[in-house]
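Here the structure comes first, spelled out in structure tokens, and everything after it is commentary.
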Amino acid sequence: MSEPITAVVASNQARPGRKLQHVVESQQFTVPLLMELFDRSRGMERIVARGGSLDYQHRIMATLFYAPSTRTRLSFEAAMQRLGGRVLSTEQARAFSSEMEGEQVEDSIRIIGSYSDVIVIRHHEEGGACRAAQVSPVPVINAGDGDGGQHPTQALLDLYTIHRQRPLNGLSVALIGELDKGRTARSLAYLLAKFERVKMFFVSPPETQMKPDILAYLEQHGVQYEQETNLDRVVGEVDVVYQTRIRPERLCDRASLKRYAIDSSVLRRMKSDAIILHPLPRTVELDKSVDDDPRALYFQQAKNGLYVRMALLTMLLERE
Amino acid sequence: MSEPITAVVASNQARPGRKLQHVVESQQFTVPLLMELFDRSRGMERIVARGGSLDYQHRIMATLFYAPSTRTRLSFEAAMQRLGGRVLSTEQARAFSSEMEGEQVEDSIRIIGSYSDVIVIRHHEEGGACRAAQVSPVPVINAGDGDGGQHPTQALLDLYTIHRQRPLNGLSVALIGELDKGRTARSLAYLLAKFERVKMFFVSPPETQMKPDILAYLEQHGVQYEQETNLDRVVGEVDVVYQTRIRPERLCDRASLKRYAIDSSVLRRMKSDAIILHPLPRTVELDKSVDDDPRALYFQQAKNGLYVRMALLTMLLERE
Amino acid sequence: MSEPITAVVASNQARPGRKLQHVVESQQFTVPLLMELFDRSRGMERIVARGGSLDYQHRIMATLFYAPSTRTRLSFEAAMQRLGGRVLSTEQARAFSSEMEGEQVEDSIRIIGSYSDVIVIRHHEEGGACRAAQVSPVPVINAGDGDGGQHPTQALLDLYTIHRQRPLNGLSVALIGELDKGRTARSLAYLLAKFERVKMFFVSPPETQMKPDILAYLEQHGVQYEQETNLDRVVGEVDVVYQTRIRPERLCDRASLKRYAIDSSVLRRMKSDAIILHPLPRTVELDKSVDDDPRALYFQQAKNGLYVRMALLTMLLERE
């Protein structure tokens, strides 16, 4: 998945010379582009505080969700609406397409791209967003593809939330959970790798470890990482605790769940200035008792998604 | 269910001093608040006749429906749009949340409340809207909770429809149908109890009678009521015939259905100035032949929902 | 189905003297009305190129889809939004109404018609849109009814696409596919029959031939047609190749599918100035290798749907 985006960008004849044509995978973002995005995101915080804008009232965003995700979809739709824009929405496009076979996502994108100015797609197959970008007449944003694909805008808002708290260079981060199927952890690892002296700890049950493609990417780029099977051993030294979903039914030994869950005993061992993030929704891996701790930033993180997605939309929709 | 709202209102730190913080159950409305709402609703009739307003074009309402209800959802969405506002919509949020467990509605509300200015929730569990209000950073409106919970905005539009026809004090009302699971009849009974010299007849098959919590509430507030199992015995003396759904499969003796259904023979026994209401949708309990009778106001009642919900939104969204 | 529309139009007390009250079936369009619609559609191309309008920001369109159809629904919603209007949307209204019985679409239409200014309905039963139009207080547009009903706006955009390429009089057209269940081919045949010296070839497997009602209509109006079971025999002489879906499982002899599918060998036999249309989505009957041929206009056809639906909405929503 690290090559196709170049081809996609190159093939996008309709929008030559753009910094950002589509958002398919997090690797495509350079550090300067990230910094521009984050500056714009700060600006969006101010615009929302004033009630939003009407600048985009002639622009239409389509959300094409082949798998439902209420929060991600509404976050994008709120972002477009806070810019004054309009929304075409599908909560469950797959119900419709189930009768169809094969290549049909390309036809849908061509058609919906002729009605709208930008398409946000969640696809149940890995690579679905990339296929969409290859044929779309308008910018495509990947809102999650497959189980083991990416979710780049989630990683962008994760990184923005960290950036608002501390410098990104020299960061020590624990990424925890079912990392083999963790789109958000995968996308965030790619982004963190772009910064200096970052160290990542991949903390997961042995049966759900981070896949080799990410590890190879990190090695190739000289990024330090360690794999762990016990949060206890690293939680005291990291700046960021990035928790993700753990489904107990995926563990051979369910009792081992407590080695990965965050609760008040984990809070006691964390650094006083560390932060806790979680892409949400959560189940058992993040206890509600953590919510009141000032280091728990996951609701702020969700809110930051609004600003980052607004900023991203302005970068994609800008006219030359 | 008559106490928690106080706690909810008290806990809503974000909006101190508001007359109306959330709309969770109909008891929370005082008579002066009802009269203010109804005055505003009249104003909305005039605004809609002129084509609506654009005053709320920077405000976003989210409809979070864990159980689908096309009419209620569209009524709220039309209300927000006639005010010029914007809408985030979920037709069937439960499809998404089904993979999750337990407490998850609270997290959803916290997140969606960070994107929107007001949340309309229909929840499949009794008390779902109250739980939502307890954590929401923005006003929450209960659009129906559980089978035996409430549906306060339906009761408000029912009462508004009666109010537009005759004085609310001294009213005699028959509430008919499956009253044990009748959210709308329950909510309306609470509201009617606030007026002087009201008399209610609860007309329902023995197996679906009004639950003791409502009866206890009425006794405690000195409101007259009677339980009946035959519409015939009361239809000639009431001012309002409030029919609700009856599912024949819930009756032991299906032939008894005709004791509760409204048809032309019931029309003949009704007072000439009585009115017929029904929250709709209907099945067999309200015959289509009734539609042309001038006393049949249920389509007007549905339309009044637009005005009452517009008025309610203005009360909740007003800035200090 | 060729008579009821008169009754519908006559019964629409609310909007006397309109050229266009509802859009239920394609027969209701006269040639002058079609020409007015196409002129307006050209105007809409220019408006969209300039970014759309805000003229309809006080008007609300409801899309009531009892069967999901993402593309058709989004095409209508984009049309309304490019006019500046607002949308109430149901992706899958049947999920809600499934608990109800019988006549319930009429009640829904009456209620939703009291919230909105125009209703777009797709109904799973033939005649569903006609029933809706008979009770609606606002204009109704049929976006497809039943398997063997109509889909008039699809036929309008098909005809507009042809009209943009060549004169409609004297046209030779092959309509191909499962014609017995082909709503779009049925609706288009009615429209083509209104022009001079048109010849239609109905090319379909013997088990899925065009139904007698259409054939009788053509005979009655003196329109030339032929039934064929092999595309090869006619493809060299037609101006328009109108392909529609073929489900291989409906064919007794699946090998016969190649007699109806369009691929590069069909392209070689087509006239150099003929055009290929398809309402989409497609499966096996239209090969992707055809997409790059300049005669393949089906993506333009889909885009034209936006313009034609915008034009239609302006005709229905115009105030006297």
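First chain written, first letter: the chains are A, B and C, and each begins at residue 1.
Criterion: a residue touches a chain if its C-beta (ideal position, glycine included) is under 8 Å from a C-beta of that chain, and two chains touch if they have at least 3 such contacts.
Remember, it's a predicted structure, so these values are computed and weren't measured experimentally.
Participant: What is the shape of the graph in which nodes denote protein chains and edges denote touching chain pairs (line, ring, star, complete, other)?
Facilitator: Topology of touching chains reads as complete, every chain touching all others.
Participant: Overlay chain B and chain C by their C-alpha atoms and let me know the rotation angle in degrees, rounded to the nearest 5.
Facilitator: About 120 degrees, rounded to the nearest 5.
Participant: Any idea if chain A and chain C meet via the same residues, over half in common, or different ones?
Facilitator: Different; most numbers are used by only one of chain A and chain C.
Participant: What is the distance, in whole Å, between the centres of chain A and chain C, each centre taken as the mean of its C-alpha atoms?
Facilitator: The mean C-alpha positions of chain A and chain C differ by 40 Å.
Participant: Indicate the residues of chain A shared as contacts by at least two other chains.
Facilitator: 89, 91-92
Participant: Which part of chain C faces chain B closely enough to touch in the complex?
Facilitator: 57-58, 60, 62, 64, 86, 88-93, 95-97, 100-104, 107-108, 110-112, 114-116
Participant: Can you check the complex and tell me which residues of chain B touch chain C?
Facilitator: It comes out as residues 51-52, 54, 68-71, 74-75, 77-78, 81-82, 89, 91-92, 280-283, 288, 299, 302-303, 306.
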